[in-house]
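Pasting the structures here.
Both of the next two complexes hold subunit A, though its partner changes from subunit B to subunit C.
Moving on, here comes the complex of A and B:
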């Protein structure tokens, strides 16, 4: 293919290539180079500044066989990922279905606007609000006192038995605006004829959901699930802000390990190896998801 | 009978939806209403708003604490959006309207980047920004923001530009319009909704970004809003009500944008899913 490069055609189109240059210049520096460099860096014993030595796969060997933090962190990440998927699909599906079946277009629009309102609040504010709600003097404990269950009040984020649950609780009741909007977009595309056919057959709302709606918005559900999994594998921002991995490291996740190794312990090569392992996990899940999609289509 | 059953279901839907929304928005309501109370008032009346003796002094604190970072976030966000649109529109237009050798290969080279997770490139990106001497400069946020943001912009805009009728553009070309004026006078006006959607998405990304500015910007004069908010919250002598006022102030800029571009906000968040 490359044996016969048509230089004349290339030259004729030189302005087009020149027009693409800003895009590709930026991508070369900030996307392609970092992508390839991450693999190389993972093979180094490097502090990123003035020390760098090629150590082959030593970082991976240490991470997978000799790092007491890694597997517990992976397990916590898996727990969060499962919880995130359940949260991303259950409540948004429920809310999307209810909005979809409202008669009034105006009401539909108002609820869609309400779904988006939390997005105007900086995500940092959202996280810090929840951190304060879950603190010892926070809203959750105040609520427990009001309903006469004050004896259960605790420092939800400081207590090792409750911290994982507390982190999962964040965002309750988990009306995720983005997820709901994606599912709504799928529901709107279901043809009216199918609904009419269901109505003629006297199908109940429950059966309608399982036999018509869920099968037809499966692409959107899958998209939501895979995006959530990819997000959960990478995410450590909320943990960095809320618990820093504590108490006693039990909310540590691989992403946080990556961050700490790179920016606190000066182990850039090791941190890159963690990044590669997470990347492979993401590739794996994406592959599984694509295969499923193909079989059905 | 059939009719009444339907009415009951409809009523149930409204009740359930309203309850869900009330629950999920109560936290924000709580923040705003308590930002108008003194600490003493909040202790006595925790759950409901206080209508008299509004504690505006909280906002004096909140504004002072947050406003420098708001300005930083606004100009960094605006430059990121403008750069993303400039680069993205030109490339998307070239991909959509012209035929040239290597086109599809180059295009795949762009959109396959959507598959690469940020956590993989996080450290090498930091190293390159460091090597380029951009650490501690707003450019460390703006330029990589444009580089990453243009991928989604090119993807969405190319698809949109390809839908515009060829005849329309051909007619303009015959009338002697240059490529530049076709793009500016015909194509872009048609693409305004898409451009708005992309702008909102890019702005949200820049506005909420925390870890990248945390590691690249140590000089407090260039801190963005998330860094500033996190910092005041770790202060020991700050009262809850003051903090809520600062949080509320921090939420105002996007609230203002939201009021004028509600439709595009909804569109943007619905299509945010293309970004992997």
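Moving on, here comes the complex of A and C:
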């Protein structure tokens, strides 16, 4: 039901609205305008500078029917997205539960701080370190040799059988500080009475997790899953830095295609079309996640 | 030429030092003020006329002292001009340029290694009009382009034959080798030819050394340096058929390097050569033979050549993990510095004797098509300056004026010889692209001088073609696909790339020539 705008209330809160204006003004310039502009650009044959011709849906047609790279890249992206979701939910959930059930408040605080510390390391540094760990003369292979498993040493990033797994392995043990803190916040908000009731009923730690804690932190889990999927679909930086899509192009992802088309091939219109398709995928996954991971109040 | 040190035993400390040396090379620190130099202000027309501000960007830290000195000297002749200097990190510099060019906020003058990548956005200016007129800061009174070492300026030409870069330095590639590994493997003489080198590599492999450290990845063109040079030599007998849009009265003389100066294969000529099968990888026996020739060496390469970064290769050489690598003149200075710093730190046991020779040549023994002489010295243009297309003519004028000042023979001679007061060595080991500037001591062996006249045949039609190449090349070198499959894939990518370029350069393509040649 449409409601009338209450101008009196608006005027009453004018300073609040005025306070919000700069933020949303900047968002409009740097986020909303480029976002909507990319819809238009996707309909152009454009180099982004001085050549631009309206081609209707030709970029989409080419991408979906005539680009040999796109579907393999989409498949690789899907593999990374599934792996990322598993990584984002499993270990952080385990760590959050461990911290939540510590008796000492001081210990809880220290662990929370320790979780945030790795976040100050620039992601580029982390990626370059992992690239070095995974090289043929890197730490992983040296470790394998030390423990007598030298026969498994390989060029992890140069071997088509191992490169996807190696890229997924990056960041091990995947203790995502922000993700853990989100889940921890959910756990902290669970009513103490529920725990007491469970204790009276004699529930085991396992059943407590499945029947009390996970159902009650589903909103946080859902948020984490959505953010992870969005991140996975958009992500290409690690691939760009570590493999450039190789070997043989088997680690190419749509995000990298977008980057290459926009900045290397001078095909900004086509890159925008890739961006729109990725946006639609994100919308689709978000809808599915909301639809099937619904939390009833 | 040999450089003497002592035996390598420990690897870990050298690795650390190599990283430190690398990092210090990327830093501005230590670039103390350089000696006073004489400014080329002889020509009064060149002085004090301009007013404004430009931005100059660079990613090569070792060039900072030279560029800052040039800016300081330029201020004396153009006091109302300010040149803001930006040093950017090596990693991501091309991304920075590509994104800022698309966004319109790129620096006015961009020091870079390659210009044609940036042509796709059509946002850099073609320099021919400027290069064809005399440089007021030069006393040669010749067109500006004639102040540069002759064949290298043609390497900056794009598919329309336009020059997009003001050359600055030349790379001359050498094969760096670990003398002690050579001796242990019983190698008496460094190789001069490809076949001799194959023999040397076998000896090294038999002695349990890793012969050749190499990176074959999209972010490193190492494997292409050789093959591109071979291609120029292999197709000499086709030059007259390929170079259809030549100067009036042009004829090709392979033994006269000057005979190809000013000539370039443009995109329409490339298309004709491709359609006639001369340059079509699927039809050209020459190209197929060159691919096979390179593949002969894969058993002697590091197994992770598809994963290792280009910068890791010399680091492995410095830690004695491989016996040889090939790279540019600039490594003469880097390796010397590394060995000296180890000695200074009392770590002589981690140093080793090493040497550098011109990269082994291919010739008639490698294929009958090398019928007009063996491959030239492996060299090319290392870097230069692009100028952003600007709506403000004054900005463009200042950018060009600054580059003319910088590349005047007198100024360049002074700048290239600037020495780091800390090390007593030249800041830049590269050979200048400006004629008459003497090379760095210790790098004379790697001469960029060419014995034969070569045209710069492009190996790729455009960036997308190049990106597609890497997957195909890696698959071929690791036996995932056959030579036939590789050639077919190359043919498809190369043809599609030329078509894209023909479309992009439509207004400058000679369609009548294409039609008449392909009818």
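Everything below uses one rule, namely that the second predicted complex is superposed on the first by the 260 of 297 C-alpha atoms of A that agree within 3 Å, B and C clash if a C-alpha of one lies under 4 Å from a C-alpha of the other, contacts with A are read in each partner's own complex, and residues count from 1 in each chain.
Simple rule for what comes next: a contact is a pair of C-beta atoms (placed from the backbone, for glycine too) under 8 Å apart; a residue touches a chain by one contact, two chains touch by 3 or more.
The structure displayed is predicted, hence computed values, not measured ones.
> Under the superposition described at the top, does placing subunit B and subunit C together on subunit A give a clash or a fit?
These partners clash in the superposed model.
> On the A-aligned overlay, A:48 touches which partner chain: subunit B = first, subunit C = second, or both, or neither?
It touches subunit B and subunit C both.
> After superposition on the shared chain, which partner residues are touched by A:121: those of subunit B (first), subunit C (second), both, or neither?
Touch partner of A:121: subunit B, not subunit C.
> Per the contact definition in the header, classify A:161: touching subunit B only (first), subunit C only (second), both, or neither.
After superposition on chain A, A:161 lies in contact with neither partner.
> Is A:268 touching anything from subunit B or subunit C once the two structures are fitted on A? First, second, both or neither.
both
> Going by the contact rule set out at the top, does A:245 touch subunit B (first), subunit C (second), both, or neither?
second
> Would you check which partner chain A:196 touches, where first means subunit B only, second means subunit C only, and both and neither mean what they say?
neither
> By residue count, is subunit A touched more by subunit B or by subunit C?
Counting residues of subunit A touched by each partner, the higher count goes to B.
> From the options 75-83, 237-245 or 255-263, pick the one stretch of subunit B whose C-alpha atoms clash with subunit C.
237-245
> Could you give the residue numbers on subunit A that contact subunit B in one complex and subunit C in the other?
Touching subunit B and subunit C on subunit A: residues 48, 262-263, 268.
> Which residues, counting only subunit B, touch subunit A once they are in their complex?
So the residues of subunit B touching subunit A come out as 9-10, 13-14, 16-17, 20-21, 23-25, 27-28, 30-31, 46-47, 86-88, 90-91, 94, 98, 100-101, 106, 109-110, 113, 115-128, 130, 132, 143-144, 146-148, 150-151, 154, 204, 207-208, 210-211, 215, 225-226, 229-230, 233, 240, 243, 247, 250-251, 254-255, 257-258, 262, 265-266, 269-270, 272-273, 276.
> Which subunit A residues qualify as touching subunit B in the complex?
Those residues of subunit A that touch subunit B are 5-6, 9-10, 13, 16-17, 19-20, 22-24, 26-27, 29-31, 33-35, 37-38, 41, 48, 91, 95, 98-99, 101-103, 107, 111-126, 128-130, 132-133, 139, 142, 146, 172-175, 177-178, 181-182, 184-185, 205, 223-224, 227, 230, 233-234, 237, 240-241, 255, 258-259, 262-263, 268, 271-272, 275-276, 278-279, 282, 286.
> Hey, which residues of subunit A end up touching subunit C in the complex?
Spelled out, the residues of subunit A in touch with subunit C are 47-51, 131, 134-137, 155-160, 163, 243-250, 260, 262-266, 268.
> Show which residues of subunit C lie in contact with subunit A when the two form their complex.
Result: residues 95, 98-99, 101-102, 104, 117, 120-123, 217-219, 302-309, 312, 316, 321, 462-464, 467-468, 470-471, 474-475, 478, 480, 504 of subunit C touch subunit A.
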